[in-house]
Every structure is written in C-alpha cells, then in structure tokens.
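Letters A, B, C, D and E mark the chains in the order given here, with residues in each chain numbered from 1 onward.
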Amino acid sequence: MANDICIEFDDVVAGYKDFMILNNLSFKVRRGSITLLLGPNGAGKSTVLKTLFGLLKPRQGRILLDGVDISGASQKELLAKGIAFVPQGRNLFGQLTVWQNLELGGITLGTKTTHERIPEVLEFFPRVKERLHSQASALSGGEQKQLEVGRALLLRPKVLLIDEPSIGLSPMVVQDVFKLLQKLAAQGTTVLMVEQNVKSALKMADDAIALESGQLVLHKKASELLADPNIERLFLGGGHVPGAVVPAAAGVPL
Amino acid sequence: MKLFNNKTALLLTLLGALLVLVAPPFLKNYGIYLLTYWLIFIIATMGLNLTIGYAGQKSLGHAAFFGIGAYTVAILMKAGFSFWLGLPAAAMICFVVGLILGFPALRVQTIYLAFATLGFNTAIWLVMRNEEWLTGGTFGINNIARPSLLGFSLESNLSYYYFVLAVALILAGLLWGLLRSPWGKAFTALRDNPIRAESLGVDIRNYTLLSFAIGAVYAGMAGALFASLVQFIEPAPFAVGASIMMYLMVVVGGAGYFLGPVVGAAIGVVLPEWLRDVPYVANWYLPMFGAAVVVLMVWLPDGLLSIPDRIRAKRAAREASAARKISATNAAKAAAASRMGVSS
Amino acid sequence: MTQSLLKVSDLKKAYGAIQAVGGVSFEVMPGEIFGVIGPNGSGKTTMFNSVLGQISPDAGSIELNGKNITGLSPLALSRQGVGRTFQTLQVFGKMTVRDNLIVAAQEHKGSMLSRMFAPGDSGLGGKADALIDQFRIRHVADKLAGTLSYGQQKLVDIAMAFMAEPDLVLLDEPCAGVNPSLVGGISSLLKELNQNPKFGRKSSFVVIEHNMDFVMDLCHRIMVMVEGRVLAIGTPAEIRGNKEVLDAYLGN
Amino acid sequence: QDVIKIANIVELSGAGATAGTNFKNGVELAVKEINATGGILGKKIQSVTTDTQSNPGVAKGLTQKAIDDNVFAIFGPVFSGSIMVSMAESRRAEVPNFTGGEAASITEQGNPYVFRTSFTQAAAMPKVARYISEQAKLKSIAVLYVNNDFGKGGLDMIKKALANSPTKILSEISTESGQVDFSAAVLRAKQSNAEGLFAYTNEEESARLLRELRKQGWNKPVIGETTLTGQKVIDLAGDAANGAIAHVGLTVDAPLPAIRAFRAKFEKEYKYVSDHNGMKGYSGVYVLKAAIEKAGKLDRKAVAAALHTLKVKAADQPGVLMDVTFDSKGDLDRESFMIEVKNGKQEVVATLPPLGAAAKK
Amino acid sequence: MTDFLQLFFSGLATGSIYALAALGFTLLWQASGTINFAQGEFVMLPAFMMLGFMSLGAPMLVSFVLTALLAVLLLGWVFKRGVVDPLFKYGMMPIVVATIGLSIAMRNGVRAGFSAEAHPFPGLFADKLFNIAGVTVTLQDIGTFALAMVIVMATQAFLAKTVTGRAMQAVAQNTESASVLGINVPRMIFYTFAINAVLAVAAALLVTPTYLAKFDMGEGLGTKAFFAAIIGGFNNSRGALVGGLIVGVCENLASAYISPAYKDAVALLIFMVVILFKPQGLLGKKEERKV
C-alpha cells in the first residue's frame, strides 16, 4: 500500500560534484519499520542518507516523504517534517560542552521543550550524563557517539536516519541502542539505518536493503536474509581467504 | 606533483620560456627592470610556497628574510667584500635564522603561528630601522654596486636580468628536485596531518624547521639580488606589509603548485604596473588591484593554477562516474543471477 | 622466561577529577596478539596514547624489550618499530591513497639527507600496491584519501600502519565501520603477519576492539579495562567465562 | 616636440601618501595654470602622475619608465629614500629632477640634475637653533622626533646646529609615525627637566603630541618645524595648539600676497588647505618654467645649468611664491618665518632672512 | 609613582581602543572561524561614513544610527554574500587573502576617491580633563574605557549565554553538523558579520577622535588589535579586552622606561611569552583533544 510507504527513492542520481555515486537508485521504506542499509565500503550508503537529508542535491529523480517530494528541501524544513539524521563519524561541537551540544540539538524545538527532554534522553546514556559539563571533545569515542545519538533522539523524530551508530560503541551499549530503536519503531518511528554490524542489526531490523556501487542489489525481509546461507559470503566475511579472490559481489570496484 | 600532464601545457611553458629568454633585449629599461623585479619575487615566493603551500606552515614573516638577505649583501659589500661572498653569506644567515623562526611553529599553528612570524618580521624591521651603526637606519644603504661575473659586468639592466634569470632557474630546479623526492611527500604529510605524520616516523620537528629554513634561503637569495637591483635599501620594503603581499602572491598563484609563485608574483608585481596604464584606472589602480584579488579568490579559492586541476578533476569524476555505472549494472546482474535479489 | 616485548606498569592518567587510566599494568609477549576491551570511556584510548607518547602519563613506566620508553615521542617510538592507528580517522586527506601508504614508510629508509636524493616513491611503490590489493582499495588508489568513504579511509589508515613493517602495532578499533567481509580479511592479515615471520621476526599486536567475534577469534590474550583499571587478563575462553566481564562489558 | 612632458613620481599610497598627494596636487595645479596662460615658450606641459607606493624600488622603476617615455623633467619623489635611488637614473639620463625630499644627503651626492623644492634640514635647522638659543634663550631642550628619515634627519641636524651653542639637548625621544599615545613621550620630556621641547613629527602626530602636552600640564615652550603649527595641526589639536612656535620655510599662512593667492586657488581646486608639500610641488613647476625661460630653449642640459644659478623673484614670477635662489649643488635658499599659534591663528613672530643674506651680514 | 600611574592610565585608554578593535577578531573567530585582515578598514570606513552624514548636517546620534545601518548592509550582508559565502568552505587561506585584497581596495579607494588627509572627528565626550592625585585623564579616556568594557561584556554574554550565540559558535566549529541540527547556517553567518559591522561602527565612534579619520588608520589599529586578541585569547571575547589593556599599558611603560624605539616590539614580546606558557592565550580555551 502506498500509504505504508514512508520514504521513497525514485530513480535518484546523486553524487559529489561530477562524480555520481548513486545510479538510478529506487527503493521504498515502510512506515514504522527499521530498514537496514547494507553494502561494502564505498557502496554509497552514507550518500543515500546525505541525499535524503538534503546535504547533497539529487541530479535526477525524486525523493518522496509520505508521497511528497522533498528533494531540495532545507535541513530545517526536513527537521520540521520530523526527520532527524545522525551522520557517520564525529559530528559534535568539540569546544562546546556536552550540555550545550544537547541544547543545540533541540534548537528547532525551542528552549523550554529542549530542557524538558534532555533529562529523559540522558537516562539512556549514563556515561554522558556524568560528563554534562565537559567539553564534548574530551569524551571518549564511544561517549561522543552516544551523545550524538542522544542529541537526535531529543527531537522524537518520525523518521530517523542513522549512519553506523555502532561505530565505537561497546557491545552492551549497541544492544541498548538497538533496543531503543526497536521501541521507537514500535511507536511508529521509521528508522533507516546503515550498519556494518550486520548480524546483530539484522536481528532487530525489519527490512534490509543492500547497495553496491550505488545500485540496489537486494531488498528483503531481514529475517529472510538472516536465514539465507549466502549472507555469510556476502556480508559476514565467511570463507574469506586472505589476499585471495574476493567474493564476487562484495569485490566489485567502487 | 602537479605540473604539466599534457602537451599543451608543455607547449605553453616553452612559449613562456622563449618569452623570458628572447623578448627582454627588445624591451626598454623599465620593462627589463620590471621583469627582473618579477623574477626576484618569484624566487622569494618559491621559498614561501615551500613553507606555506607544501609544508602548511602559515608564515607571515617572509619579508624579514628578504630583508636579511638584502642587508647582508649590502653591509658586506659596503665593508668591501664581494657580492659573491655576500650571496652565500645571505643564504647561510637566512638558513640559520629560518631554523630559529621555525621553533614557534613547533608550539603553535595556524593563526597563532602567522602572528608569531608576523611579530618576528616586526622585530627584524625594528632592528633594521633602529640599529643605525649597522644598517644605516632609516636612511638605508645607498650605492650598492652590481656584481660582475667572471670579468663580465652585470651593471646593465639587461645583463643583470639574465643573471637573475639564471639564478631563478637554478633555484627552481633545485626546489623541483627536492619536492619530487620523498621530502615533498613528507612536507605534504606534515601539512595534512602532523599528528599522524609523526606516528609514522616523519620527523615533524626537522621538517618544520627545514621548511622555514629552506624557504628563508630562497627569500635571502632574492633579497641579495634585490639589493643589487635597486642599489639602495632601507627598511620599508621589508616590513610586515611586504610579507603579507608575498603571502597573497603565493595563495593567489596557487599554494602548493610548483608554478604558483610564477603566476602569483606576476599578479603581485606586474598587475599593478599594468593597471596604472589602463585608461580611466590610473588613479584607482590600487583599489582595482585589491578588488581583482578579491574576485580572483572568490573565483578560484585554490589559486589560479588550480584551473588545470579543476578541469582534470572534472574529467576524472566523469570517468569514475561512468565506471561506477558499469560496475553498478554488473552488480545488479550478479545479484539477479544469484538466488538473492530484490524480493517483494 | 622470555622477556616481554611491551611492559606497562602502573600507568596512570587523570583529567581533573576524572581518572581516565588508574594504574594499569600488563605485558605483551613477543609474537602475541593482545586484545584490549572495555566499556566506553574505560580508558583504552588514553592508555594507548600514553604508551605511544601522544600524551604524557601522570605515573607509571613503559618498557619496550626491557628498555624504558616512558615519555618517548611518537616519532621515537615509530623509529623503534612501534606502529599505530587512531580511533578517529587520521589519513592525509590531500594525498592520494598510494602516497598515503608510501609516506607511511619512507621515513624508515635511509637518512634525511639520503632521502633528498631518493626516487619519489622511495622504492616503496610495489609494497604499497601489494597492500592496496590486500585491502581491496585498488579502485580508489589514485583518489585523494579525503574523498573516500569512512570505511575506505579506515582501511587506508590500517594499511598505513603496516607499511613500515613494525614489530609492534597498536590498533585502536580497526574494524569500526569496516564491512564484515573485510573484517575477516583484516583478521587474516594480522594472523598472517603474526605467524609467518616474513622478515625474520613475528609482528605483535595490541588491538582495541568492540567487535567481539573479531577479538575472540584473533587474540591470544585479552585484557578487560573498566573505569581505568584492569578487570581481568586472560585467554579468550577465560574472558568469555568471566562473570564480572559479562556484567561489566559483554552483556547477555 | 610640441608639448613638454613631465613625470610626477610621488608617494600616493603607503606611508608617504599624504605628503605625496599634496605634492602631486601642487604640481598639477601649477601645470594647469601655466597651460591656461600659454605654457612655457609657447608649449603646453603634459604631466603624468605615477605612484611609488612609498617604495624606493618602485620609484626607481618608475623613473626609468619616465625616462623611457622621454620626459623633459621629473618631479618627486618626496621621500628622501626614494629620491636617493631614483636620482641615479635621472642623472644617467640627464633629466632635471625636482624633489620634495629634505634630507641633506640628497644634494651631497654631487648630482648636477637634482634640485630642491624646499629647504634642506641642513639649512633650516641652524635657523631654528639660533632662535632657540638666542631668542628663546633656552639653556636646555628635549628633542622629540619621529623615527623615520625625515625625523631622524631633523634630529641629526639640530644636534649639529646646537653643538656650539649654550643650549644642551637633555633627551632624545623617538616616536613612531602614526603613533597615537604620546603620554610616555611627554613624560620623558618632563622627566628630562629641559626648559623647552623641540618637536619634529608629522602634522597628525604633532596634533596628538600637543594635546598630550596640554593634558599633562606642560607649560614650557614648544618649538618645532613647519609640521608643528600648520593649519591642519590647529584643526586637529584645537586649543592645545596655542603657544606652539615653529620655523616655517613654506607655509600657506605666510603673510605674502603670492602665497595667499596660492592658498585660495588650491583650496578652490581640491577643497582642502594645502600643506607645505603642496607648495613644494607648485613652486617647483614654476621654478622649472623660470629656468626654461632663462635657458631659452628646451634643452635639458641647458636648463639644468640655468637652474644652478637661478634667482627668481616672486614679484616677477608669482608661482615661485617667494624669492628664491639656487646654488651649484641644487639647494635653494629663501626667506623663512618663525610662527606662533595664538588663539587658534598662526602669527608670524619673526621673519628670518635667507641664509645667504644672513651670512653676508 | 605618579608618573607610573599616569602611564598606566594612559595605557588603559589606548588599550581600550585596541580592545574594541580586537573584539571583532575574536567574534569572527568564535562565530565563523574566519580571520578578517580588513578589520582595521572595517573601522575606518564607518568613520568616514559618519563624517559624511555629519557633514550633511545630521547630528551625531543620527549619523551613528545611519552608519550602523549602512555598515550592516555593506560590511555585513554584502561582505558575507560576496566574500564569506563563496569561500567559507575552503578554510582559512583564501579568506585571509581575499580580505587582504579587500583591505587594499578599501584603504586605497578611500584615498583615491576621497582624501589622503587626516580629518578631525568629534569626540563623543566633552573635552574635559580630570586631575586625580597628579594623574590626568580625559573624559574621552574614561568614556572609551567604560564603553569598551560594556561592549566586550555584552558580546561575551551574547555568545556564551544565548542559544543563538552558541549556534553561531557551532557553525564555526562544524558547519555540516550545525546544518544537520537545523541551525540556519547562512543566517548565523549573517548575524556574525552584522554584529561585527555594528561593533566596527561603535569602535569607529570611540576610536576616531584619537586616531583621526584617515584612509590608513586601520593599518596600525588592525595589527595591534590582532596581537591584543591573540594575547588575550583568540577564542574568547573577554580576551580581547584583557589583551588590549595589557598591550596598551605595557607599550606605554616600555616606551617610558625601556626604549621608545622598540615600543612596537612590546606586543610581540608579550605574545611570545604568552604562547610559551599558554599557547591558547591568557583567557583562551584550550584546544580540543585531538586523538
């Protein structure tokens, strides 16, 4: 049902200046689902999220949110529509304090609401809570990532785009975050997540999309994929011989 | 190394070479003088390009070395020594002082370093101005002779021009050799990420200091040639403003491009002279020059010489896009062939 | 008894009231792959940085092959055959991938003066290409490292640490962001370097990782850090069975 | 040759911009007037102005350019450093070169093609010194100078001029051009306990200095050169300028009809009051006119030779502003004034005869 | 002792002038990560604008307001659109050079198009002297000092205490993250440069009576202010004040007690000592953890 579809990529071409990363990419994401975006390094996963969040302008095609074309919308508008984005890597304001980072996370909400929600979010991340008045850059890698995730949750987004949250997080925290995402999804939030921590992620996700060279190569139910014997070969490095032949699909250049 | 990758560029360079070699005898005095001036600034900014463009050390004190070189030669020649002693002496002194100036760079970077070097420039300038017994103070040093080479006098503007040209070519050759050796990569690594560089065994201290010292040697040589060109020196041309102009030349030409200083010095030295003669501009030539610099930067933030790079990058990106598209189709096919694929 | 390769004794580092590392001691034997795990903020990275001279520890000593190396600069350590990677991406963004690899080893060849006259790639081109293939980044070998995807940069970063053939490499979360198919590759590579002493010696590794499959499969011994202290050191099996570790770190 | 080409090579930017601009305006005003009244020997003057950026290296290049363009005479540069370089070129090409520079060394090079448009410091300082020790009867002074070739040259000359007089110099206080805060300088002057202050700085700094002197309650004589009592200084310093005394070679405030006329014309043309540099440029062109007319032909050598013995009376040639004579070195001599600021107005308190006349006496 | 105090208080007055000019640097650095080499000219131009309005007969206050509006438009909006926007993402070097070009253009434009003369500028305060225990200060000195104090503190409070101020800082530290959070980056940058323009006008109002309106007044002012800002701490507004006052006072003391000829080396010397012990400046925040 079209009604079910929250995000739709329709024949999107996008990239960096003249270098096109996404080639006529089309896919759909169901509302309230957790959809995983998988693929080898450099496949274009992060590019999908950046394009979706308006940081890159599509050259061609449309991006629909609830059936409305959102390509070309500003970040502010997208946030107003309930989309939030946690990019890959480090995205804090290093010289500001943890608290100030959180406050800025809620800049579209207004100060009052933000201040109300910060304690709620901090409940999930006790490490961060302890360091509320430290400079953000002083936190450890994992603590910083927790802060980033928390900062996005502050918005109570309807659609959450999250790029490899597990980078740098210890296993227990990864589990906590995944559980949290499941809870959000159950409450109706659509989650589009990039993850290389495939096994654990597939266990908690609903759907999986795989990209290669900016092209859709797979779109399945997560559970189906988890049961597929090929998944080992494709994503989990099974049967890999050092320095030798690379699994066909994962080894395609670019 | 980004120099010429294709024949047109090579041809252009040959043409340019022909121009600097063959044209001058047909120019009047002023034209030759201006070309010499330009060459001298090429030498100075070549050194600065090493410091700023390759090694990434934001230096705003280059004119100090320029001045040290000029005063060394002038003072030695006044004391009766030959220019041929003065020139290496200028280079040596600048090398040592350059090493010393490198030390703040080990402690502070970016804007802080820029101001440490700018301050150094002020200090040197104050010495030039205040220590009258040595430097002639604000009155400067007059009647600096031009040297003669193997009995051949370089007194005339034209012969002095060819002499400076020869020096410039030799110094450019040396720098070119240095930059294409592993040193070039080490400098670039230092510029891009000193922390990582050090952990890989790049001696960032030595390279930082040497980037200043070698840059300083170039400025010192240029200064020595300058003293002999103008035949008079006083502190003003070596003040902070001159350092800022040299910085401007490097960046406008293209920091980190080997030929950047050639273009940059042309912009800094020849453009204002040319603007003087443009009808209606004359009185406004400096404002026009300033505006031209702003426009150039806005248009080409990486400098004039980034144009070929831009074109090349564009072409490469197109090719990569095409290749990626092909591999994308293959991937899709492979996925369809395997049992996995798009369900639903 | 063989002498330990790396010996860290009672290492301490505090930031104000926060005791990031509060007295950590351990030994790494020659030829060993030593894992370091622990919850976020337990002081792993700080420990690495102290060992590697990136920051100066408040107390404690560090020995390499029995020689005291406390307070040595990262440069000196690199010259003594200690390589490393960083938790955050640290590549040379404005250099090509290939040049990144070459510059990672060139300073270990000859003197500064001799390098002035060496060929541009210092004769390291072949080796760089071999690693490029091994890490499957051939298709981006001539791109500027700064324009690669996160995972690709991570791969370049790790490959750089191996260019100079160090005796001991400290890796801070090498697998973060790397596709699982390549995680296997990295694991194999480490094992290969560790087991086949190509250069007449075995390379040793200290690896911080949150990827438990990787750590458990690869490491000979594992140290668990919690709150800046050592909670346990043992074989993977011991660690997996340690109830305290389960509570503090692994969960389930 | 149907026009007389002259090059106007001056400091239009950089440290000398104010002086250079005035000089240039003076030259251009004179050229305009001369052309309007039929030119020199029936030929119009065509002047081209270029900017040295206060940089001797550029000045040298521009002088070569002017020579390449075959100009008849060169005006400028004003800065002593620049003229020291560029006059070597004009000498080689045998082109008469009028400078605004005041350093004594310019005419000591034995260059037969360089000519002053104003007193040298060597000529002015003895007059001031005589005033200080004989008229003001100061037993000691502090000298405050601007640390550039202008100020430094002044300091050297006043020291020399006072060497054999009863007046002692108790303190030499260096200041920067463009300096804003003179509190330390004034304090030094006070601490020296000198009976008076000799100030040798540019107009703006003079104004700031006078204000600071008033602020710190200085009540001893303040004596200086042209730049201490100019109209500009009075405008900038207000009441604080009252009481300042200066020796003035050329001043728009001199009570002479030619100068009054010049002042009015200049102000009409450029909407501000000229300083002495404007007068230098203006009178310089008229001196050239007089010399060409004396030589009777457009021959550089002949004109240069004519200049070396030139005597022009303001009555005959109002453009030279004051009676002037040139000597064999290219230095000029004329009358000058001691001026005191009273109630915001300049008043001539003494007229000093030309040095030549004084020596004869 | 009286002498010392006299020097000290005169130094404070000059120092407040440096501080006002330095404030712009610290603001731009904190809120946009840029350096403006034309900052001195940003003070010079409004001085002439105000003179222009006053010569048309407008009272001082009206001229000030009109100039502020004009400056926000020219030095704020036009500057942002023309220079900052296209160069923002290219790092420091191109902006530095573009502003050097701009300073050449502005300085020489005023000279060529208007005048090379220094023009007197009416003081905001009456020409009044106070003599306290042998130390003389003018009302202008006191007023400048007090206003500098107020302006610096207000700027500091704005940046540190308001969400907008912090959003501006966020833009400087990580532009992409800032836009991901929905911070309106172009608007924050505009605010930064608009505030900078207003500060420049205020500085012009206070500084010009002493400096005089002249095409090159920005040159000396700019360099001194740079050093002041760096000594005090480039990433802290209060640093500008502290740095300015220190440079002002020390210069005065040095030129009285050491050597007036080397007066200009004083700022340099303090700067060297400061970076030896505290590279981030006296009040500057430590650089962030890098590894």
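By our rule, contacts are C-beta pairs under 8 Å (C-beta built on N, C-alpha and C of every residue); 3 or more make two chains touch, one makes a residue touch a chain.
Going by UniProt, the chains are A, C = ABC transporter ATP-binding protein; B, E = Branched-chain amino acid ABC transporter permease.
Predicted, not measured: the structure shown is a model, and the values here were computed from it.
Any chain bridging chain B and chain E, meaning touching each of them, is among A, C, D; the list is complete. Chain centres here are means of the Cα atoms, and by that rule the chain farthest away from chain C is D. Distance between chain centres (mean CA atoms), chain A to chain D: 76 Å. Here the CA centre of chain B is 40 Å from the CA centre of chain D. Rounded to a whole number, the gap between the C-alpha centres of chain A and chain E is 44 angstrom.
Chain C and chain E have centres, each the mean of its CA atoms, that are 47 Å apart. The residues of chain B that reach two or more other chains are 129-130, 195, 283, 286, 323, listed in rising order.
Each of the following residues of chain C touches two or more other chains: 45, 54, 86-88, 90, 139.
Multi-chain contact residues of chain D, defined as those touching 2 or more other chains: 13, 147. All chain pairs in contact, by the document's touch criterion: A-B, A-C, A-E, B-C, B-D, B-E, C-E, D-E. For chain D in complex with chain E, the residues that touch the partner chain are 12-13, 17-18, 20-22, 147, 173-176, 178, 180-181, 183-185, 187-188, 191, 203-204, 207-208, 215-217, 232, 235-236, 238, 272. Every residue of chain B that touches chain D in the complex is listed here, in rising order: 28-31, 33-34, 37, 129-130, 132, 137-140, 142, 157, 226, 229-234, 236-237, 241, 273, 276, 282-283, 285-286. Listing the residues of chain E that touch chain B in their complex gives 29, 35, 37, 82-83, 86-87, 90, 92-98, 100-109, 112-113, 223, 226-227, 230, 234, 261-262, 264-265, 267-268, 271-272, 275-276, 279, 290-291. Across the complex, chain C meets chain E through its residues 45, 49, 54, 86-88, 90. Note for the complex: chain A touches chain E at residues 53, 55, 75-76, 79-80, 85, 87, 91-96, 100, 103-105, 107-108, 111, 135, 137-138, 151.
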